[in-house]
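By written order: A, B, C and D. Residues from 1 in each chain.
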């Protein structure tokens, strides 16, 4: 039986299985279509799906300050952190003193979602610049909250909306968030006692990490993506991919929950 | 011309002259008649008098969280920090997040008022215990906010409701707040870069400090107190007091402001 | 489609107290004589849990009663006293007999110790402690120099409570706690300690619906995932006050203080109000409906 | 009896800006694209004050416009961008040409730097920075070990702004500032920076009576003694928003972004809205009464 689903649905469903009951998931707010889709909309659907399947006690933190929003009341994807749209959405808590009074540093957040312009083989992420820092070829917004995502959250899902050679590189030009230099051991030596990237999710595949060796590896390749396409779009060697499995297709009942209950108007995942 | 005044009025008027325009004065809340009179009521009257004479921009912080209360609306001296009496008194600000978010440590407070069970020649104060700490002869409440009074406020007025030998001692049994061990130099060596006791005010005299030598000395003796009485009530040598001046008597207009404007019902200073 | 159900966090006070073990280090919510989780504390005494350490800021009857019931081995705080009701009788008595270990910290530093725990730091950098006996008598405070300016500082150890206990206005069954928007020290510290510890046990005046929570999301400063259990305990702070809800019970404070005059009378007090009370409802009946009603406040401030 | 009069802190915006000197390190209130003291920033540009350093948390148009007007020498922050309006054009352009020094800090650490100043610490102890280029490129961050557990930490330098500038709802003539009780990051950070600096210059939407202040004492989180001057500047955050009062001006943001396309058009923009505007009133007339009215919000939340 062949079920029809979109790439966004594929990613959301696979992500949802990563979350355990009782955990707390953190999304920030990105803007611009692809970034917003990957670090806000897909994670929200994935977490809501987890709540409706195996993790009813999962807490969703939306835009850094809205706890367990009623997503069915969304009329559009909010594009500002502090405007009426988020202020007025029904929810179970507003962390108004976020973030400086809150215990994110203590480990309140089980996992988060982040993105950058580059990620490398060790899982380091870059959101600052391409080229020399003091006169860069491309200057981006800055570190923002990524160093915190990569050190104080329990784990980080790196969401990359574009799978291109220049973004998946041997070594990032600027380390905003630290991956696994010399593995978990290396993190510890740097004083990083928790957290780090868990998966890297792209339109073509899902990466995970050999956390001992400190090396990224392909966990699964999305259906209809060729091994050659994947390697050609990636700036570092992927090694032998012959035994790589396909990313698991969504089940019918999972798609039904997404389409009928979580995102009936296609505000989050679109109607593509 | 002889003007009739009370000891409380004498102290309040003399204190008021210590405050400069634009300063911020801090009172906590003590309970029990004598302590409350000395660290709360007299300071409030003194500060209000300063506001009405030479320091209109003086800010009063009452009970640690009420800014510039309308004292004429007091119907009794409040005896609790967080009850309706203080919540409902008209004022210009309530520091509800006091004290941990506030910039007391940055130097917001010009001066404060504190007391203890012992004070010694160097100006060290004790509010913790008499005798050995782990099995004391007398155990008092603890350090409370005094270490902060003596290190982060600009200066401290020590208000001692009883002038007795056992309270004015060569060396306190426990240093809660640091005076001038080896003078100001000694404070600096301990990392204390600001603050310290300025005056010690008692029912018999006003002490100040030789801040270079780090030694308490009598600044003035209250009218009608004999030199012998003063020395007999003090646990350390006062030295030659022959040239000591009398504490300055209040002026008629100062008493008029206190009696008619600040404390018309005698709620603060009593009618004694 | 039927979805899995969320877990409820409501348990009996009796069961909640079973989370406390002999020898634990506990933080008790409230401030001085305000909003203390007294119903919870009474149940600790009823269950005869011993050898506890209280880490506090300013403490009063919630610790004094534990001391008098021989439940505390030590207390780390800036103050134990009853404010307008004078000195804390059991604390003073036990301290002077050397029967309780007292570790003194300044008031602000006591709060900093919880801030350190909240932010996962093992210490807090404190200025202004030099020369005090607070430092001299406490080997856990370490002198160090500011890494940037080399100024003298002291590293004060984080609070690190095993368990935190607070009394709050209301919660839903999932454990989202309502704090009033007009807060003072008691509520501010409750929020802080809930963020300093993974075992926060909460008693509440009222259980409200999840819809009520959704109507007031800005009042949720302690979200369900910071809370281990919720137990219903109306008038749970009695005889301390809950500003905006009820005043402190002056009559009962005085009864307590009189009872603390000697061992025998204190035992009688504990027996009457704790050991021979079945539960919090039974306690409240002993205090009396009319008397409790007389403590209720009018509050139009949200 | 006549008593001496309290000093008033109200001065013209033009005079307030004279408190800023060439080379100063300034903190600018608000957060990202919310509640920025834009009227004040425009007056800085009008008075051609140069060589400034901005110490921030997340920055947007308030810094981008200063960069485009050649007023900034450097910026220390976690973010310069326009959120939903995309990248900050002048920031990006100047950074890529090496014409502005950018010192990167993580978002929470940016806030910690102000907390350090608030508490008179010269550093803040930060965990989790090891291995980042944030540390590698910044000689002012010093590695040190926790004095108690010897865990690896980094000492991040305090913010230490010379001057802080914020835009607020209202103030009385003595300088007591009203903050809404429903606050978000913009107002929280404004309060924090007012406590980190002895030169806080405030613009307000409205001057209110001292009696109004006395009616709402719980809204005074920035008392007069933390404030150096008050200047009236209605719509003083335009084109950024003031949640509960007015929305951001999407049309004007887009005009600004179009103008930032090249030097000439940006000069034209600055000339039209700043150099050839007499004052804030004149600016508001250029934006237009009807257009400003269309931005007003309905807010029943206090």
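By definition in this document, a residue touches a chain if its C-beta (ideal position, glycine included) is under 8 Å from a C-beta of that chain, and two chains touch if they have at least 3 such contacts.
Here the structure is a predicted model, which is why all the values come from computation and not from measurement.
With steps allowed only between chains in touch, the distance from chain A over to chain B comes to 2. Centre to centre, using the average C-alpha position, chain A and chain C are separated by 39 Å. Distance between chain B and chain C, defined via averaged C-alpha coordinates, is recorded as 31 Å. Residues of chain A in contact with two or more other chains: 96-97, 105, 152.
With touch defined as above, residues shared between interfaces to two or more other chains in chain D number as follows: 120, 127, 151, 182, 218, 301. Because contacts link the chains in a way that matches no line, ring, star or complete pattern, their graph is best described as other.
Chain pairs that touch, as defined above: A-C, A-D, B-C, B-D, C-D. Across the complex, chain C meets chain D through its residues 120-123, 125, 127, 140, 142-144, 146-149, 151, 155, 157, 181-182, 218, 301-302. The touching residues of chain A, when paired with chain C in their complex, are 22, 24, 51-57, 59, 66-67, 70, 90-97, 101-103, 105-108, 152, 253, 256-257, 260-261.
Across the complex, chain D meets chain B through its residues 1, 3-7, 117-120, 174, 176, 191, 195-196, 210, 213-214, 217-218, 220-221, 223-226. Those residues of chain D lying in contact with chain A across their complex are 31-34, 58, 77-81, 83-84, 86-88, 91-92, 95-98, 101-102, 104-109, 111-112, 115, 127-134, 136-137, 151-153, 182-186, 188, 192, 241, 243, 247-248, 297, 301. The residues of chain A lying in touch with chain D in their complex are 29, 31-32, 65, 79-84, 87, 96-100, 104-105, 128-129, 133-148, 150-152, 174-178, 181, 186-187, 189-193.
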